[in-house]
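In the part that follows, the structures are each spelled out as structure tokens.
The following pair of complexes shares a single chain, chain A, combined with chain B in the former and chain C in the latter.
The block that comes next holds the complex of A and B.
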């Protein structure tokens, strides 16, 4: 593409659309910025401006957990992240297998596809209620490892499947034919050709699974068994707490999410780099 | 090719699970040394995608002599690519048999056939460097890294790509990718190399250079190349054997000169171009455009029409004469002769030819 001519005047629509974008960004980030700033409120400060000095007092309260209405944040986080990792790995594995199966048409494939996708549009709270009810009828106890993971998969799997179909839909089938031609077995085709080529998509599915599991409540809340997950804990705090600890939670949570995104970006770029370096040595 | 490569002993390569007959008879790259009659033979092969549907390839038979450059030529959808993919083993044969070096391979998996295919879009693995792409077939056979890279480098030298061995496919031009794809196919030491429209993605200049290179490599290796194309120029320039296909059947299979000079029917004559198909004395004949003249001449057959197009082509001028029946005839005359008369578009003109230059066509 050639460089735009700097002397050519931009049309009026550019300024109009740029203003809309700026307004949207302001709407998105300004409230969050307030939360971050208020989380550094001084020990005597309240839930709103003005700031009564600057401190990390509320973070200390959060981590000390000495009962000033901060509940059980540490354990809730641990539960959430444990659940999220298991769900992410399951979503990745199941989506990849299903994607591979769907490269060929089979009897009933449409039915299976639509019934998997339907759970995206079903109201989550009823899906969660249904699962809990069924466990109850069968006389089983809801538990994070059984009903919890199951309930979350009804939410993460359809997305994983759709991403996988897009990824494999763009996969050039002649790569596989070429590999067959060159003597690769089915297993070698999968491990040495298909997976390396679609690896960014696979990581993407895992990340999508991780984040959507981490923030899911509608399906999770009734099926997690004993102990709250992070979003449930925060929701509880929102109704109970009245100190800037809440803002500290917001800041920490945001940091955590950004760390996830940055880590996954770093992993992807390192993968790309390793590809280049592999034979350069 | 570098002479060193010809002398490279291949015996040091530990390729255990490979059938014995794919190992070279002599420690040279040249390998067509076994005594077989044909490099490839297609016996009454039919391909149907649906059990009762129209066949994509309808009962074709073809013998490709040793060490030939064979072009499968035809319009899109004629069955040429399907034929190639059946040879490669990427498509099942519905009926009939395929032989490579006199051995039936109809139902064998691709790797056991002694064929190797070069794909139209090259299908280089995007996550591997040129070197590792070429070494891939050795890697899946369990050849150690140092050995397979050394071998791959030799084949990259053969196609003059060793200087870009560490590049990824998306860092190479189309022509460079093609060379790497060629090396990747050749390293499997195929008895027959299958090429699916290998030049169609290149610009015209590169296309002509690459086709000369393909021909050179084919001659040096002494194996057969089967090359699918829809370009008659490409086929005429490259092929020892041209196989013209249309509507799932072979129209004519013969040496290039024979196909051009004596096309069997109107389709072959028209598809190759450079011919006029004329109704002469109740039969259908073809006359080469360069043997047709403008203006009535005594003792010659002729027809009349209007000049509808004049194309200057440097050496020659191509003149299109449209008859009263609205059929286009072509006269190809040397530019010098043309400028003696300089006829113009819209003029009424006679086109004439010697009766002895008529070549009778079989009805289709």
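The block that comes next holds the complex of A and C.
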């Protein structure tokens, strides 16, 4: 970024916009900060300030699972994670394959592309309802392995395809041409040139699939069959429980999602760096 | 498209023609969209014309669901409220999103600071939705911080009740969640504007207002369109935020669809869904005229 003259005085609009951004950040972080602080509420404290002392009481309630409106968090978590891993891997494989198809012109490319856009922008409840209705009419039972995974893929695949467009749009085809000139077969070009270069993007798709599957409810809730997923369980708790145990759940799930995101960012930047070093060498 | 040129290399025997290879590669995705989106969509359309009672749907033609949809004042009010939410949220996220994206792109001079601020805006997006909803209770609730402050300052003698579980609360949550995608889409478009163009306009004596109106706005139209698609579809399709933040007291189209689904009233729910779908797809189609998504992403 070129800096014209760092000592130039800031215009008035700078301070105005800086104030807007600060207010927005406060608006963004204040509610979440309340959750984290209140999760350490004392055993006699309630769901709002002031704090009645500090304790880890509500975390103990959460992990001891002795009733008190904590429900079935452990099982819901396992269900969600299992679903998220399957969906992430499927999203990665199907998007990669479809992305490769879009490197050529083919009939029907618009059909698939606009199906993806439609699937992405449709109200989730509508897609969920449609799938449940179809299963109902066919006399099949909804089940996490069939309708559940299918419903979630309608949400993750469009993003996977769009990420593939970004990734392949930045892919420099001269590497591939060089490989072809050296006599590489189509398979060698794919496994030894294209995939290693776009690997950070592919992992990005898997991570996006993992996190969005873990968070999705609108499409999933009608199609998961028996048992709740994590967000459904948490939503249920929100209406049932009225103790700071909710905030303890909030702190724990946030820690978990952030760990997930940070780990994936580290993996992706590591891969990108390694690739850069190799290209430079 | 970088690889439209992939005619088979001359010294290689292609097993598949490129076209067939593409079809095979895209097939899994096409199958899933057909099975899980297009066919269910067709089924919903058909069911909206069928008769029903308290327990099941009969295969008999019945237009009542559609007649009710267009004549019942109650239903029209649902759509009116949904549009009101969309309009307010779009205007606020657009103004707020533009101010923030513009500030980050053209006022913040240090690249590292810009990246840090972008991250700060994006991070809350990875917090689970229901948790973000419940986080408003300690702030906006009856005994929340805002009411404590208002009463402490003797501005009111009783807690203000419309802060939480109200239309206001729903709007607050929407704006809180949906400003980020608006900022991201617009900042992404702004990053593609060369600084030399802005500098040239400044040197020629253009004011900041003129630069925004005549240079930046026309160049970020694709970003505005993509951000708007995100905001509009999120609000129109939402049921969870409305439910949580209004305590089930505010009824939008999405909420009424859910209510009917729970009561096994599939045909009216299907008819409402179809109308909602047509509205959403028309808006998206209109917005896509301003942005070629595939071209935008490949740049």
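Just so it is clear, the second predicted complex is superposed on the first by the 263 of 281 C-alpha atoms of A that agree within 3 Å, B and C clash if a C-alpha of one lies under 4 Å from a C-alpha of the other, contacts with A are read in each partner's own complex, and residues count from 1 in each chain.
To be clear about the criterion, a contact is a pair of C-beta atoms (placed from the backbone, for glycine too) under 8 Å apart; a residue touches a chain by one contact, two chains touch by 3 or more.
None of the values given here were measured: they were computed from a predicted structure.
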First, second, both or neither for A:127, with chain B first and chain C second: second
Chain B versus chain C as contact partner of A:193, first or second or both or neither: first
Contacts of A:175 with chain B and chain C, given as first, second, both or neither: first
Partner chain in contact with A:55 - chain B first, chain C second, else both or neither: neither
Which partner, chain B or chain C, touches more chain A residues: C
Partner chain in contact with A:75 - chain B first, chain C second, else both or neither: neither
Chain B versus chain C as contact partner of A:153, first or second or both or neither: second
Chain A residues contacted in one complex by chain B, in the other by chain C: 180, 183, 185
Touch list for chain A against partner chain B, complex: 172, 174-175, 177-185, 188, 192-193, 196-197, 199, 275-276, 278-280
Residues on chain C engaged by chain A in the complex (per definition of touch): 1-4, 6, 9, 11-12, 14, 18-19, 21-26, 28-30, 32-41, 43-44, 47, 96, 99-100, 102-104, 107, 109, 111, 117, 120-121, 123-124, 126-139, 141, 143-145, 148, 176, 179, 195, 199, 208, 229, 233, 236-240, 244, 254, 257-258, 261, 266, 269-270, 273, 276-277, 280-281, 284, 288, 293-294, 297-299
Of all residues in chain B, those that touch chain A in their complex: 88, 90, 109-111, 115-117, 119-121, 123, 125-127, 129, 131-132, 136-137, 139-141, 149, 165-166, 168, 184-185, 188
Interface residues, chain A side, partner chain C - complex: 1-4, 6, 10-11, 13-14, 17-18, 20-21, 24-25, 27-32, 34-35, 38, 46-49, 93-95, 97-98, 100-109, 111-113, 115-127, 129-131, 133-134, 137, 150-151, 153-154, 157, 161-162, 165-166, 168-171, 173, 180, 183, 185-186, 211, 215, 217-218, 222, 230-231, 234-235, 238, 246-247, 249-250, 253-254, 257-258, 261
